[in-house]
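Some structures are shown below for you to check.
There are two complexes below, and they share subunit A, which is joined by subunit B in the first and by subunit C in the second.
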Partner chain A sequence: MSNAPSTRNHQVMLRRVRRMVLFVVSIVLVAAVWEIYKAVGPEAGGKIFGWKLLPRANDNAMPHVWEMLSRYTRPELRGSDRRIWSVVLAGAWFSFRLALVGFALGTTLGLGLAVLMSRFKIAERGILPYLVVSQTVPLIALAPLVVSWGGKLHVFGWEWPRWLSAAVLGGFLAFFPVAVGTLRGLQSAASASVELMDSYAASWTQTLFKLRFPAAVPFIVPSLKLAASSSVIGVVVAEISTGLKGGIGRLIIEYAREATSDPAKVFTAVFGAALLGLAMSGFVTIADLYMMRNRPKEATA
Partner chain B sequence: MSAVEISSLGKVFNAGSANQVDALVDIDLSIAPGEFVSLIGPSGCGKSTLLRLIANLLEPTSGSVTVNGKSAKQARLDQDYGMAFQQSGLFEWRTVAKNIELPLELKGWEKAKRRARALEMLELVKLADFAEHYPWQLSGGMQQRVAIARALAVHPQLLLMDEPFGALDEMTREHMQSELLSICRRTGSSVVFVTHSIPEAVYLSNRVVVMSPRPGRITKIVDVGIEGERTDATRDNAAFFAGITAVREALRGVEMSDHVRGIEDR
Partner chain C sequence: MRRIKGWKAVAGVVALSLAAVACGGDDGDSASEEPAATEAPATEAPAGSEAPADGTCESTTPVKLQLQWFTQAQFAGYFAAIEEGYYAAQCLDVSIVEGGVDIVPQQQLADGAVDFALSWVPKALASREAGADIVNIAQIFQRSGTLQVSFKDKNITSPADFAGKKIGNWGYGNEFEIFAALTQAGIDPATGVELVQQQFDMAALLAGDIDAAEAMTYNEYAQVLEAVNPETGALYTADDFNVVSYEDEGVGMLQDAIWASGDRLANEEGYRDTAVKFVAASIQGWAFCRDNAQACADIVVSKGSKLGASHQLWQMNEVNKLIWPAAGGAGMIDSAAWDRTAKLAQETVNLEGSTVLTAAPDAEAYTNDIVTEALALLEGLGVDTTGEGFAPIEVTLNEGGA
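Presenting the complex of A and B:
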């Protein structure tokens, strides 16, 4: 019993190291597959059973991996003294903050809706179908509408900033998994535990905070992971479809226009978006570790 | 004033539908303050249902329950009773001590007082070293002892226990039985105790209520004639054996009639 925790920590450390190594190995493998395809694939693309499935392997469509990497160290524009890595990093940071705001908005809304739905059966029947429908509205269609609030909408003398529209669109995608996951979690409390709280004459709020929310945590955590990646997608798509300046989405469309003259450039921005997603999921993983720190570990043991 | 007063109590589940169950019919029972009463009977005879009616976790279909002279609902709101079930029902996200503190927290006790009481209860169930452990780090029997400590934490006037020692090994079980009795002596609590063990019922109780199923009702109430305080020596006492025989006979009557009815049904 006494040395069990230290060996367990040791195992956890080992597992983390192994996961990190696997991550690096997988990136190297993807790069290798890319280069191999470039070497053997058809220059002008190819057909399988009549469908044009095989991508073109020429340098324009598929620049070399080292070409993409070295592009980071060169200036963004000819004659400019800003290297592209700093531009991409700044864009990713800008979008990351938007995604965080969207994540926070979406999570708050999702938790609120879940509590409302678990409190009132009528609310569940009345709201849930609309939530499902809301997720079928294409974001691209919604984006211009929400972005048009920017500069036009004034709430008590406060002007709606343009960046907030992108964050709201991130939140629009993020709230759904949180609402559904939390609702299931709140309803997952064992009936014996609910009965115990009843026997203590606990109020509805006491039961919510001392029983239902803690019981819901294992359901909320995975929903937050979904919400994190959804908010990134929402923000980047909003940036792309409305051309909001400053973020990684804008860089992707700008650089894509130069694809014929500078094919490696757009990939630097695409990797920037991937980095953004990684940062977001890292953030949520830390939240996960914190919230699940005192839970039974048999699932991972 | 009796601790629990039950008169012509009935409970029907799913009334009117095809799977209607007459869980309890015409139950009359009066429990005096400080009295220890056990409920015993075959599975499905409504022991748990009766306990939950007393606890006001279920509403009766007919008849009435009063606890400490109040309606069962008022008694629940005033937290006049503590409850322990066969499944410990501990919250896995709370430490052992925090689990015991839960009812005190809901009553608005301040932190230091709560902690002191929790540690006192842990001492009682011999788990003082495990205050900061989580329930899932404990064996089933240890979890059950924590649940009992939680039920006792408010020093309730009435304890409702549904097979609380069912998951314990024989040694711990006997130890917990003596502990329960000594706690009740100190606090003057009345106990309604559901069990499947005849010796346990007889050792603990002033009266053993024997029940029979379909419909659930009381067939016999056995007075246990053990004089004075119960100790380990009680288990060798002639009155103890007499009690066991009386309860066993009452239960045999139940099984016999059950058997006969089973044949008639076919």
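Presenting the complex of A and C:
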């Protein structure tokens, strides 16, 4: 009996190690597949049944893995002492903060809308269709508009900074899953529980905070995960679209201009964007672990 | 009891992220700040440059200029005018707003987000026809810099040789010179050639996907000259390519020009005056770049351009060729070139059967009044605004433009 907790800790530890190893192995596997295709694939691309499906395997389209990795250690521009890895990391950090701002804005708005919609049936009927429609507006059409509106906003000497446009666009993508997920969660409280609260003469806010929100947590957590990755996509696309300086999206498009002569460079920025996505989902996973810590394990699936 | 805390954790996450708003805000500001905005106080006219008639500035006018793209030597004159204090000497506090993939400069101008914008003439005229009240006040690039580049063995030396070939073009309104050249050569764009949408790099040309690629003298053409020829192991040279220049073929359309708001020119007090000063100081910046190409390329690099040093200098030199010499004075809109651009914009039909313009632009679409006043102002400062003695420099491109 007494050694049960330590055995469990041991198992948890083992599982974590295994997960790390698998992660590394999967990356090595992807790199191996890349190199194998490079070795056997057609240099100039190929057709299958007349469809151009096989990508080119030449050095321009698919640089060697070690070429891309070693590019990180070389300077960004000849004669400059900033190495690519530090430029890419700085860009990813910049975009990460914007994505976090967008995530916060989107989550706040999403939770607010969900509460409003669960309180008033008419609000749900009125707002929900527009939420769905809002997500069909292409981000690249919206980005210049937001920048343009922002450029005209001056409130008491405060000027709308350009980075805020990108964060708002991240939030625009992030609020939707939160709103829909939370709404579903708030409505998921068992009717017996709601009736019990009613029999206590609990006010609407008491029911909301003591019953509905706790019941909604299993719905909110996955929606936050979706929102996190959406906010990253929103920010990166907005950076590309509006040319916001400093972030990973801008780096991708600037390096892409040199794809003709320095193909490995653009991949360094693409991997930076992937790292950004991992960091963001890591952030939410930590929050998830905290929120779900007292729930039975089945619910975490 | 503990279960109830779940929703509080949600609030905690939001609060945590909101805290990041605050710090993200501070740092984001400094990182995203336009380099142009950090300038010495504009009231201090730099020594050696003449201040306006009254000597010092009582106040400075903030001006925002919208570029078509990121910081690069294509816009060197404006950065030089900031760096050399030409704007400050005119009591202007100019901040430069970079463009992006989906930023349409003339739209930002028409929306009032910026005070002046750079744009190619055909695109801006199309916006004007659609209702944007914008006016061309200075034609900085006097010539078109668009080329069609092909490998020597394709034997494409004139638009007539496009027949039956795969011709790359960028679309989005950048393709009309190609269509005009095809029409002039008697080739039907729909059946006579295979038109291919081209990326904004030259990989398709080098890979042989297309026979001839659209390229700007100051950018994409340099990209192919910076790439390694796998057969020789050395860089490609100009001898490897044939180049068709649309300007030389007589179908060049006017490109980079400074556009101002027509409504504000007519109704806003002081805006026209600002426009004159802005155009004057900008031309002064371009004159500086004409005489100091290397210094200007360095200024652009210091403003955060990610292009390599030799590519940047090449671009500076090629852009100078598009501006100088300017027989009628830099920025003057040559009515013949204007009419040709407007005519081509109305007559050239693209694949979808549409033209850039449906009717001739009205007379108010451009004005030479402002640039005339600006040139007179520069005359007083002793600036050479025609550049008759201009001679381009020789630039050697390195691999990758480094």
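In the analysis below, the second predicted complex is superposed on the first by the 284 of 301 C-alpha atoms of A that agree within 3 Å, B and C clash if a C-alpha of one lies under 4 Å from a C-alpha of the other, contacts with A are read in each partner's own complex, and residues count from 1 in each chain.
Quick note on the criterion: a residue touches a chain if its C-beta (ideal position, glycine included) is under 8 Å from a C-beta of that chain, and two chains touch if they have at least 3 such contacts.
All of these numbers come straight from a predicted model, not from anything done at the bench.
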| item | value |
| --- | --- |
| Touched partner set for A:Q206, first subunit B, second subunit C, both or neither | first |
| Subunit B versus subunit C as contact partner of A:N294, first or second or both or neither | both |
| Superposed model, subunit A: greater residue contact from subunit B or subunit C | C |
| Touched partner set for A:F219, first subunit B, second subunit C, both or neither | neither |
| Partner chain(s) touched by A:S261 [first = subunit B, second = subunit C, both, neither] | second |
| Which superposed partner A:F94 touches (first subunit B, second subunit C, both, neither) | second |
| First (subunit B), second (subunit C), both or neither touched by A:L196 | first |
| Intersection of subunit A interface sets (partners subunit B, subunit C) | 210, 214, 217, 294-295 |
| Of all residues in subunit B, those that touch subunit A in their complex | 52, 55, 57, 76-79, 81, 83, 85, 87, 89, 91-95, 102-103, 105-106, 134, 136 |
| Contact footprint of subunit B on subunit A as seen in their complex | 190, 192-193, 195-196, 198-202, 206, 210-211, 214-215, 217, 294-296, 298 |
| Residues of subunit A that touch subunit C when the two form their complex | 44, 56, 58, 60-61, 76-79, 94, 97-98, 100-101, 103-105, 107-108, 111, 140-141, 143-144, 147-148, 150-152, 161-163, 167, 209-210, 213-214, 216-217, 220, 224, 240-246, 250, 253-262, 284, 287, 290-292, 294-295 |
| Partner subunit A, residues of subunit C touching it in the complex | 2-7, 9-10, 12-14, 17-18, 20-21, 23-25, 27-29, 31-32, 34, 64, 69-70, 97-104, 107-108, 111-114, 200-203, 206-208, 223-224, 226-228, 304, 306-309, 398-402 |
